[in-house]
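First comes the structure, then the notes that go with it.
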Amino acid sequence: MKRATLILVPYLWLLVLFLAPFLIVLKISLSDAALAIPPYTPTLKDGIGALIAELDFENFIFLTEDDLYWKAYLSSLRIAVISTLLTLLVGYPIAYGMARAPDEWRATLMMLVILPFWTSFLIRVYAWMGILSNEGLLNQLLIWLGLINDPLTILNTNTAVYIGIVYTYLPFMILPIYAALDRLDSSLDEAAQDLGCTRMQAFWLVTIPLSRNGIVAGSFLVFIPALGEFVIPSLLGGSGTLMIGKVLWEEFFNNRDWPVASAVAVILLLILVIPIVLFQRNQQKQQEAEQ
Amino acid sequence: MKRMSWFNVTSLTLGFAFLYLPMLVLIFYSFNASKLVTVWAGFSTRWYGELLQNEAFLDAAWVTLKVAVISSSIATVLGTMAAYVLVRGGRFLGRTLFSGMIYAPLVMPEVITGLSLLLLFIGIGLDRGVLTIVLAHTTFSMCYVSVVVSSRLVSFDRSLEEAALDLGSTPFEAFRLVTLPIIAPAVISGWLLAFTLSLDDLVIASFTAGPAATTLPIKIFSAVRLGVSPEINALSTIMILIVTVGVVTASLVSKRNALRAQNEVQAAERAAA
Amino acid sequence: MNQTVFAPWDDPNATPLIRFQNVTKRFGEFTAIDDLTLDIYAQEFFALLGPSGCGKTTMMRMLAGFETVTEGRIELAGQDIGPVPPNERAVNMMFQSYALFPHLSVWENIAFGLRRDRKTKGEITARVEEMLKLVRLEKFAQRKPHQISGGQRQRVALARSLAKAPKLLLLDEPLGALDKKLRQDTQFELMDIQETTGTTFVIVTHDQEEAMTVASRVAVMDEGRIMQVATPAAIYEYPNSVYVADFIGDVNIIEGRASPSGDEEYKLDWTEGQAPVLAKSQATFSEGQEAHLAIRPEKIRISTEKPDDAVNAMQGKVLDIAYLGNLSTYHVELPGGQVIKAQTANTRRIARRDITWEDPVWISWSATAGVMLDQ
């Protein structure tokens, strides 16, 4: 096979099915909504001139005027940040425990972390619906224990969304942290204690800084997809849960306002560019450090 | 052997309980005789029977499987090519754009990928159906394949390829006879990953599927939006079991291979000593 | 010595197998090989020796075809090999990592190159068996590379690269991964095999002892240039520069100003308060020219009494003794603070030797012991 073919086939595929669609989104976000199919004007058939002449920022102006969108972006950011921190709090002790587990357990523990990843995302989110509902298992348990008298409303609130994100993205947090901790020489911890640190001090002064790369990588791996999440807010969240992925879906499927949906997508992407660039830089730094 | 502190044991126990209890609950209630999913009314396999009668689900499952096999196979070929180009291709015009397009889909929110592909398909007048889902799934999963394969290629001793060339292979022979057999495990895991991603995908499929072709996740999603249903519990149980058997088998096989390789190396060292 | 000494490089009529003609190789801004010209003759065991980054590996990779030449040309048997891809060159290479195909058995590894030549089954079998016998690995033919020891892997790599009977075999640090004892045995084995097969070997190494042991000629390289090409003995006894003298073995360098004092004889004023050093040299030095005298430690005698007959003798005190078993190296400090190394063979048991730390001693050497170098 010639080198050119080797390069061209995947290249063209991505140009047509990744880059081109993207430019179309950008273009449509600058178009007017119409009640035809496709429900936007101008279309490619109207010619390039008309295409450019009729482009405008109306949809973006609309987004800034209607505070639904502002709130949705801010609320997505808040939910993503909070759930990333929660995932870190839950994931770090697990990764730490795995790194300190006897060698013969490691492979099994590793498999147990990876297994949910291969299991359907949708099903894992769905599993919580039965647990968190008013008549759900959690409320039954709490009432039976006598901790509460009336069932708590958890399903269809932001709390359920946090639980869902922590649960589904937990492996993404555990794996990079575990990888960082696993590489850590255990004699470093012992050296710190030998030099007079308590175990707690050794943990804060040695273990945490040295697993920093894992923490950063894991946090980005949770934060980035959480920001654009759709399934979790729509199944576990309520009408009060505003997330931009859900707004985009509804604009598109329910309101059939393609230009606005496209504008929402463009802005979501702009918001994502910063964490993605930071993540890339972190990964690169890590790779260079390893060489 | 070192003993684990109570803190580590507790965090592992609680952590894995959190990861697995919800799924166990789901499996448990799939054998519930009652239609009311939260009230236990005795053991029954009734919902499994009903599931097997449900043709809409079976059709969707068939479409899903078909899409997953085709898209993951194309994605594996394209992704391996892309990985090879990225790791071994040297410099070419637009290399940065290319590697950007490989990595971008990994972090792209699914809603955006789905939306943009739908707009493309409408723009070029392609009817939505199995073909469009396959195209969509191939596009994002080839990027995952490419990442998996290129990480293997990076750690691959380049002198092996050079040795093949030095011994008279053409570049293509060197790839077929040396590179491919050695990176095969990564190619296979790439395929499995692509396959799973395709089976799992709801959002992109929702945008790119037409009325003619519905995938299982779309069906499940529209069913569970209305609430918990015992039939879905049964379906989830089946899916969880298949994955569990697959992952456990794979990890046992790889563990056995690792052990065997270790034994062989030790035997060689003894023989040499 | 034998009448027919193998020395084609001294024969003006001999045609070289390989010619590097003004070869330059640049990687971007970096010049790896700088206008290098070199001839290598058929059946030579030629060593490229130098520190890492000196360009020796680049030269080898250009011969194998993995790097292109930026300027100049490389000829193999009179033919410019620049445009020939690596898989069509009659050159084979033994890689530093051995590059054995992990998924193929020892037998299949050796047969790999033969299969590419579309040889018949019978020919391949015969040749593989022959090669296995040559490297004494018949019993391991069906093993995979990870099932044999490091030394055996090295021999498989050698057999595989020799199987196609190349005109030229390139060896990239072939013994680097072996431990010292095994390395020494293997060096002799390599020489035997080279002699048996009559193949031209070019070896790249940073280990000067290895180069001296195996090679018929050694090229000492530094920063993309060849500093000296000569037989091991000539390189050791007659280095042409301080760099080469210092790179090969241990050496004392005495810097000073030369003044002619007779037939091919010079006085070297090297420090105040010491008598000038007397040295013979075939190279000519003008009055007052800066010169370096390089003397090997084993050419310096050490004694407790002042030697009567010595041309150059000076007194000092023992600073340090490095005991190496067969040899001892004495570091002798002169009154001016300079340290001179002198080496003696330990022909007597340690208890009976009479020089120890802090002892005042005399060191001495003859006028022909050292080499005078201008750079």
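Every chain is named by a letter (A, B and C) in the order it is written, and numbering of its residues begins at 1.
In this section, a contact is a pair of C-beta atoms (placed from the backbone, for glycine too) under 8 Å apart; a residue touches a chain by one contact, two chains touch by 3 or more.
Nothing here was measured: the structure is a model prediction, and the numbers come from that model.
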Which label fits the chain touch graph of this model best, line, ring, star, complete or other? line
Applying the document's contact definition, name the chain pair with more C-beta pairs in contact, A-B or B-C. A-B
Centroid from C-alpha atoms only, then distance subunit A to subunit C, rounded to Å. What do you get? 59
Here the gap between subunit A and subunit B, centre to centre from mean Cα coordinates and rounded to Å, is 18
Averaging over Cα atoms per chain, report the distance between subunit B and subunit C in Å. 54
Which residues of subunit B are in contact with two or more other chains? none
Sites on subunit C touched by subunit B in the complex: 64-66, 85-88, 91-93, 95-97, 99, 101-103, 112-113, 116-117, 143-144, 146-152, 160-161, 164
Using the touch rule from the top, collect the residues of subunit B that touch subunit A in their complex. 1-2, 4-5, 7-9, 11-12, 15-16, 18-20, 22-23, 25-26, 29, 37-39, 78-79, 81-82, 84-85, 89, 92, 94, 97-98, 101-105, 107-112, 115-117, 119-120, 122-123, 135-136, 138-139, 142, 146, 172, 196, 199-200, 202-203, 207, 217, 220-221, 224-225, 227-228, 232-233, 236, 239-240, 243-244, 246-248, 251, 255
Applying the document's contact rule, which stretches of subunit B touch subunit C when the two form their complex? 157, 159-160, 162-171, 173-174, 177-178, 181-182, 261, 264-265, 267-269, 271-272
If we count contacts the way the header does, which residues on subunit A are in touch with subunit B in the complex? 1, 3, 6-7, 9-11, 13-15, 17-22, 24-25, 28, 38, 43-44, 90-91, 93-94, 96-98, 100-102, 107-109, 111-116, 118-124, 126-131, 133, 135-137, 140, 167, 170, 224-225, 227-231, 234-235, 245, 248-249, 252, 258, 261-262, 265, 268-269, 272, 276, 279-280
